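The following pair of complexes shares a single chain, chain A, combined with chain B in the former and chain C in the latter.
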Partner chain A sequence: MSAAMDRRPAAFWLQLAFTLFVCAFLIVPVGLSIMAGVTRDMFIGIGSGVTLQWLVKVWTDYRQTVFLSIQIAMACLALTLLLGVPAAYVLARRQNAFTRAVEELLVMPVAVPGLATALALIVTYGGWGDFRRSWVFILVGHVLFTLPFMVRSVLAVLTSIDLRTLEEGARSLGANFVQRFFGIVLPNCRGGILAGSLMVVTLSLGEFNMTLLLHTPLTQTLPVGLADTYASLRLEVGSAYTLIFFIIIIPLLVAMQWAAAPPRRRKPVEETL
Partner chain B sequence: MRDDRLWLVALLAPAAIVFIAFFLLPLGRLFLIGGSGPMGWGAYAAAFTEARYLKSLVSTVLLSAGVTVVTLAISGLAGVFLQRNRFTGRALLTALLTLPLAFPGVVIGFMVIMLAGRQGLIPDITDALVGERLVFAYSMAGLFMGYVYFSIPRTILTVMASAEKLDPRIEEAARSLGAGRWRVVRDVIVPGLKPAFLSAGAICFATAMGAFGTAFTLATRINVLPMVIYTEFTLQANLAMAAALSFVLGAITWAALALARTAAGSSVAAAG
Partner chain C sequence: MSGTAIRLERCSKTFADGTRALDPVDLDFAGGETVVLLGPSGCGKTTTLRIVAGLEWPDAGGRVLFDGVDVTTVPIERRNVGMVFQSYALFPNMTVEENVAYGLRVRGMPADERNRRAREMLEMMQIAPLAARSIDQLSGGQRQRVALARALAPRPRVLLLDEPLTALDARLRDTLRVEINRLLRGLGITTVYVTHDQAEAMALGDRIVVMDHGRVAQIGTPRQIYEVPSTRYVAEFIGTMNVVGGEIRGGALHFPGGRLPLRDAAATGSREAMFRPEDLALAADDGSAQFSGEVLASLFQGDHTRLEIDVGAARPIVARIAERRDFVAGERLHFKLSTPAIPAPVQST
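Right, the complex of A and B next:
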């Protein structure tokens, strides 16, 4: 193999070096942050000793934000599944000017800055005190923002299979609409539902643009708490908090990469040319 | 399957109701409020005529455009390279490059602080090299770096998916006709990737325009439009101006996406 590698042109090594540099740009700060989260004193460096004191402190002071964010993400997932999967099915079944317009509209909350959506929600529903003060107010924003990702993901799968033939077949065998929807449609878009779900949970856990305006002191989420510690507490505390966030989010991101890879790519690829 | 019509309406209805009640109506309300302040509908014009708003609008657009160009260049190079070459560790490298895909803006801001903040890595390096600590995290440069960081993973994915569909035989043909490496890049690869560049670039521009968490983490004094909106709303309690500015911001972002979609055909729709 090394003989094969040696024969590669200089351009290959230059591009590889560049790509590795970009990778370092993305990954090194993650590593630094993880390290800082367990360092006794960052002014001295990791030499000052490894400690869990910052993690304990963050967990004591901010664990409510972790629980609330997970709660919102799960509720958001349930709602986007209930609203998004049926909607995607309708958009796949009827492809005309109307459904294209609907699709276009549904994606708007991604294009419109989160600040604007949050302001719009506040001016419209801010007067409903109990609603405004509850975590459901944040949930509404998260559902708007993540719904397009669920719809897109399921729609992509549904338009790539021959839904019509499958459904016609089931129908000719006497299956009614409900039987077809649960027996044919849902099992066939499993992959899209999985990919969409991972995306929805990940985005909801990290949503900040809207949440900063939608939250109240009693409904602080993980990213809002993060911003709080970054602004006011020492670097080690911010890092420890970020580490807790990474522990939750990185498995989801890895799962997302795995779910997004087409089956073909999961087969072993030959490593050298 | 005509008799399914009622079912289809019933399945689309819940999403439509939620969307209308919590997005379209509130946005309409926000639009009206934008025109209800002391300036009346002039608030919308003020975004372009009043110096401090115009300045932040221009710097936000320039920042986003710069981020888009740099991100496309970096991701184009790395993405095509990863798609074209097979080597040990390629899968891992791709995975690492796309790992920060859904990091929130606040965390990205913290990553910038880790690299270029007061106790960051880059100041340590410049200190060792030239004896001076180069700290730029808490400025427009830091924000720029943060947005590039944020946009690279998604753009690389789009470029790789598109590069996979390029036909290497066209490049072979160009080469056999005597085209040099740069001619091939300029006349074959870049035009082939144009739809991907347009769609990824539009998303990149739009997210940089509306992003807020990174600027919030780095410094509240960075003069970009989302920060101005936040300040107008929270500190000045100037709801009408905040509404008008967020509408202007939303309109520019949406127009950028629509423009790219028209230019690239339907391919943008797939980039989400």
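Right, the complex of A and C next:
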């Protein structure tokens, strides 16, 4: 056996080391966290028994944060679709210095730290009491942060197809703007819209930086609640909370991979005509 | 179908950045006629087509008329034109049949009627078995047929084709050229066809409009354009033209290698004559020869031999000789013209 191991190339050991490294920092902590969420007493370890009591506790005390997070994510998706898709269309159709500048500016909320954006929002609109206290205040922050992802994702697809000629083709066949936009433009950037949507929902669900400042005790979102439990309650409760977050987010991540996969290439038929 | 007559009146096009794509042109296309706009890229042929289509507006003062009715401000959506693009512009989100039926659907034609019409078009283009395919499952030639079927389905008044065969390989291009020709003759629809390929233009056009730098260089039947080009540019863009300089007297051009009989004896100040390589015939050295020269190069092409001959003119001439024999460089040959040469237009035109 040791002879067989000696023959392995150095690359094998490098790859093995890398894999273990990834495991140590990505998979093991996640696994331990999940385990902690269902362990009776983490101080003793998994030997103390497995329980769903922490999950029940989190669900009882914090389910409002889960619902609010989903509500904000859906509203955020609706707004980024309404704002982002037409914006991407205009940016794709009119390539000039102005639209390029707009494209750059749209990315600003991603580049600027979330805390700074949130502070700016509070400084500007903090005095509008009802608005400040409502969940819509958080929504504004989330839309600012996620919009560029929607625009970029749709824009990437729109610039990869010959949109102008497709539209000219539709026009020559008598299609008006509405018919073209819904019959030609939207169906042909479906992949980009789908990928962008999943990205927006995922980012909104997990957003913490801005939300920490934008929320009020009555508008706690899931990540903020999570921070709250880790800071003030037992480790097991925080871990159970994380587990709930995983249950929501993992199907979304899988769907995102699936949507972002390139369409199945069908082999063109032989030239017979 | 009698076909819609198209008329362009003083149509010019200047783009926003100040580029002049088209100088004011007047063009008349008779109903049912196939007119080919021919020229190199940047000559204004596509801009002209797009003005006819309604995808571009002519500069102020220009007018587009369909059967005498001013349609200058009518957008393409309501001009009822069929258009085939170089890239085909087929909709990837639809099947072949849905593509063909699209123009009927946006006009609100009932489903069963438009399906029948789409089927009819697919039959006509011999692609009925492909009806349910998606666009990315089609070959280039099949896409071309779908594009034609889609453009023709709504029974447009005019058919506009923008370099429709350029994206295809040479053999397929020949096949489709013959087919498009038969199709256009059969339909009798007014057709404007843009190409940079002179062979395509010759084969398809009832008339050819040769364009150069945003101007019309010549309008005529393919035969007129080929045999009596009105400018040096036209002569050299279409096929190969030999130009020989000398002195014109007595109905012939005299030059060091001999003389060239001229078709139009009353030449107008020209000091040059033009003739095509295939107008040359070998002659015996017995006085029937009109001129002679020395073989510089010989290229056997199967059905003919292409010779480069030094006849003592400024440039060597090209001869296309069908005779079945070999030629060697340095050999002295004697020629006569089977068709008289024409005086070359003065260079400045």
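To be clear about the criterion, the second predicted complex is superposed on the first by the 246 of 273 C-alpha atoms of A that agree within 3 Å, B and C clash if a C-alpha of one lies under 4 Å from a C-alpha of the other, contacts with A are read in each partner's own complex, and residues count from 1 in each chain.
Here, contacts are C-beta pairs under 8 Å (C-beta built on N, C-alpha and C of every residue); 3 or more make two chains touch, one makes a residue touch a chain.
Computed from a prediction, not measured in an experiment: that's the story for all the values here.
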Partner chain in contact with A:Leu173 - chain B first, chain C second, else both or neither: second
Partner chain(s) touched by A:Asn188 [first = chain B, second = chain C, both, neither]: second
Chain B versus chain C as contact partner of A:Ala101, first or second or both or neither: neither
Which superposed partner A:Thr165 touches (first chain B, second chain C, both, neither): second
Partner chain(s) touched by A:Leu218 [first = chain B, second = chain C, both, neither]: neither
Touched partner set for A:Ile247, first chain B, second chain C, both or neither: neither
Touched partner set for A:Ala78, first chain B, second chain C, both or neither: neither
Residues of chain A touched, compared between chain B and chain C (which is higher): B
Common interface residues of chain A - those touching chain B in one complex and chain C in the other: 168, 171, 269-273
Chain C-touching residues of chain A, taken from the complex the two chains share: 161-162, 165-166, 168-176, 179, 183-184, 187-188, 190, 265-273
Chain A-facing residues of chain B, complex: 1, 4, 7-8, 11-12, 14-16, 18-19, 22-27, 29-30, 33, 74, 77-78, 81-82, 85-88, 90-91, 93, 95-107, 109-115, 119, 121, 149, 152-153, 181, 206, 209-213, 216-217, 226, 229-230, 233, 239, 242-243, 246-247, 249-250, 253-254, 257, 270, 272
Residues on chain A engaged by chain B in the complex (per definition of touch): 1, 5, 11-12, 15-16, 18-20, 22-23, 25-30, 32-33, 36, 42-43, 82-84, 86-87, 89-91, 93-94, 102, 105-117, 119-121, 123-125, 140, 143-144, 147-149, 151-152, 156, 167-168, 171, 177, 181, 199, 202-203, 206-209, 212-213, 223, 226-227, 230-231, 235, 238-239, 242, 245, 249-250, 252-254, 256-257, 269-273
Parts of chain C lying in touch with chain A, wherever the complex brings them together: 53, 55, 75-78, 80-83, 85, 87, 89-93, 102-103, 106-107, 126-127, 134, 136-142, 145, 150-151, 154, 160, 172, 175
